[in-house]
């Protein structure tokens, strides 16, 4: 897929939960080219002292517009939270590979925190042809963004006194899950995969890494897999869980 | 339209804009963003004899107006380079291809130079003796001048392609180093490699990079790079490819004025993947609008 | 509230936040913006025996995330310093005052140290052997180690106040230099001074600064400064005042973690004149909120 | 006068001539403290890679608001031209010294290009008690900003085929000028002073220099005067012309 570099326009950027923003960006060609699993790279202000673009999973696409859902973490995302309608940003995408798509499967989509961002887009594609349940796990209720999916389970760590992966056996059994997608903290992905594996559930995960370029040129973003080091930006971010943890 | 052609000894570039090693992959990573054949030259990622996995992660950090890297010369090795990477560039007719070698020993560099010498698509060989991110080779080559001379002499003997030697400022005396390279048959010098620095992960109370040190690049180091090029060009006759923080056409002009004959774009390729093509266009406009030739870009 | 007090040998600061020489005038320039008596120490502009006019203009240039200067140690001379500048600080009770001397010769530095030794308001003397912007003195002191030893020994003999020696990275080996200072009786080291660089005025096709070189400072050089502090602190037992690009409390913590005992704020005083007071407050909050003492700010 | 450091709000920022903008800034205390001749230092964007504040003469003051008139020259002023209403900037002021004020004098105020900026504020103060003529010189008509003063003479170099200072003898004589204030390019100030001196007209000028701090701490902004080097930022920007050129 051709990667595009565009000046794109902010059409919305609003807080949707504690420290979490949803930003809608009008593009010329990027939005239409995005598939679930892809991410985009966004500049955090012109002439900023922070030069590197920040990577974000594609959260939603409507026509020429795409959405990202992001948490304010450091200086770049803090600057991004100040973007207002009409601001122009440099946008690079679509980047990375895609989630595998299935038909006629019982699917569980598990997003931990901001991991939900790319999975919402995936769920929209999958739910036409599959029976999809979304498990959205957050630490505290105040960081819960509204997610509009057909079957939604919400897990609040603080309220349950455990992590979403701890309860996963039940969920997988109850839903007779055949395919699992997980995105979120490393431990969540790893543990979820271990349980899924025990249930014979095929699993894909979306990984994060520190990036400089986002398109394979700097070799900065590698992760270890059973097949050696892989670049998250163009050999990922989606990996078969078995390729990552064996 | 003023001519942009530059002659770096035998190496003739259609324009002085080139890309820096490690910041342009093996070239094809950028073909979505620009027409490679419009650039003066592209320098490919440093290669070694065997594939190298490179250093543990994290390998990159952002710093004010710059970045640090500790990639550790991760690369596909000379075999894949010749069988896969170079053939992907054979359709390009105008851009020159510079292969950068970074063997960990004198012997490895000799072998690499010899192997590349027979490769048609390689227009010049750049010998990287200034990588801060490896234990053997890299900057260590600059610590012992007599050993360095041997390295240069032997590599020189193995290739009749233009030989570029890439220098860094983290040496005792970059000017002396440049003179040594000139004395041992280098055709061109390129400078500067990244500047050694340190980053701290305060959350985890440890050094950010597993090797501690890493290389700083980007606009932050531009004044340091300009000084190095200026100092070296005053005492050495060899053509110089200047680099370090170039982000604008004004930066390009600054490097050319202090003595560089061509320039390389490094980390800004990551920030703005089509920057090198833009700079070719802007340099053309700069010269045309001011009615200056490349030769006029000197200090008065 | 965690204690912020730090002991740099005999020099005890109420907190580790100090201001860097040349970036804080003679202190009073900042009294509109902050309460000087809340800082750990203020280091005053380098002084010489006679008033110095300094270098021709332009003396300052902006660079990405930094600035360059070629002030050339412009100062009012020791007489006015003692008669006017120091008395203006006598009402301050808690902040320590560091006088920075930058004589162009060994003799001048000896005389300055001797004169200042009897000044009550001077809590420590900082010997600047690392200014890149003068022809005599400055960095030139670092070129000849045996001469430098003489300088240090003699200055040391003239004062019983804490003696700070200020170092730069533009020397052959900053670690070796630091060890030399330690050996000759320095009480404290401060580093880094500005990094030598170059800027070009492309409009007029000349070097921007009349002396050519100038000193680079600001966040751009922070990774270089962190490395210097880290390297020096590993081999030298003396307390270290770390500086170079500090702009945030996270930067302060980074310097303390790699081995600095206190820090200095340089050019950011120009950008945000109340920054040093803000950093005292933020460092307090940082420690309190994480329940860490200053002593815990080390690498694991 | 106490120098204040404030977060100030942009209340207007519009192009008023070719490449020239007028920006109105709402302050807490700075505007009220400003006198003619003072300048302010303004940040050009938060987290920008351009750290140093830019100096601009105070062009006008109304209550808590002050105005600057500026030309886009480099990267900082270019960024400033993108400021929009509601943006917050760091403002430092009032800085520098003031023009001398007189009563019952025949006064000529000569602004070359952006030199008009601080002189408009001066004219407003002076015109109550004096007979003030303003001579506004520009290179081309398209860079002429609208300046609302009682007696305005406009000089367009391109149209007249000469510089404003070349005609100055006539103007000084015709107006029986007793006091002259000039701000603009160095040559304009110097030549105007030489003519004024010949007519025995007391002259003050406002100088520019590259600055780092703006308040006397860095010693970056010096100019040569007959009394030695002086700091433009706190021993100027206003100087007696005789102190500068003898």
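Chains here go by letter, A, B, C and D, matching the order in which they are written, and residues are numbered from 1 within each.
The rule is simple: a contact is a pair of C-beta atoms (placed from the backbone, for glycine too) under 8 Å apart; a residue touches a chain by one contact, two chains touch by 3 or more.
A quick note: this is a predicted structure, and the numbers were derived from the prediction, not measured.
Note on connectivity: the fewest chain-to-chain touch steps from chain A to chain D number 1.
Centre to centre, using the average C-alpha position, chain B and chain C are separated by 35 Å. Note on chain placement: the centre of chain B and the centre of chain D lie 47 Å apart, centres being C-alpha means.
Multi-chain contact residues of chain A (touching two or more other chains): 49-50.
Shown for chain C are the residues that touch two or more other chains, namely 64-66, 218-219.
Under the stated contact rule, the graph of chain-to-chain touches is complete, every pair of chains being in contact. Only residues 49 of chain D touch chain B when the two sit together in their complex.
Touching chain A in their complex are the following residues of chain C: 64-65, 219. Considering their complex, residues 22-25, 29-30, 32-33, 45, 53-54, 57-62, 64-67, 69, 71, 74-75, 218-219, 267-274 of chain B touch chain A.
Residues 2-5, 43, 49-53, 90, 92, 209-223, 228-229 of chain D are the ones touching chain C in the complex.
If you check the complex, the residues on chain C that touch chain B are 63-66, 68, 172, 195-200, 202, 204-207, 212-214, 216, 218-224, 226-227, 230, 245, 247, 250, 253-254, 257-258, 297-300.
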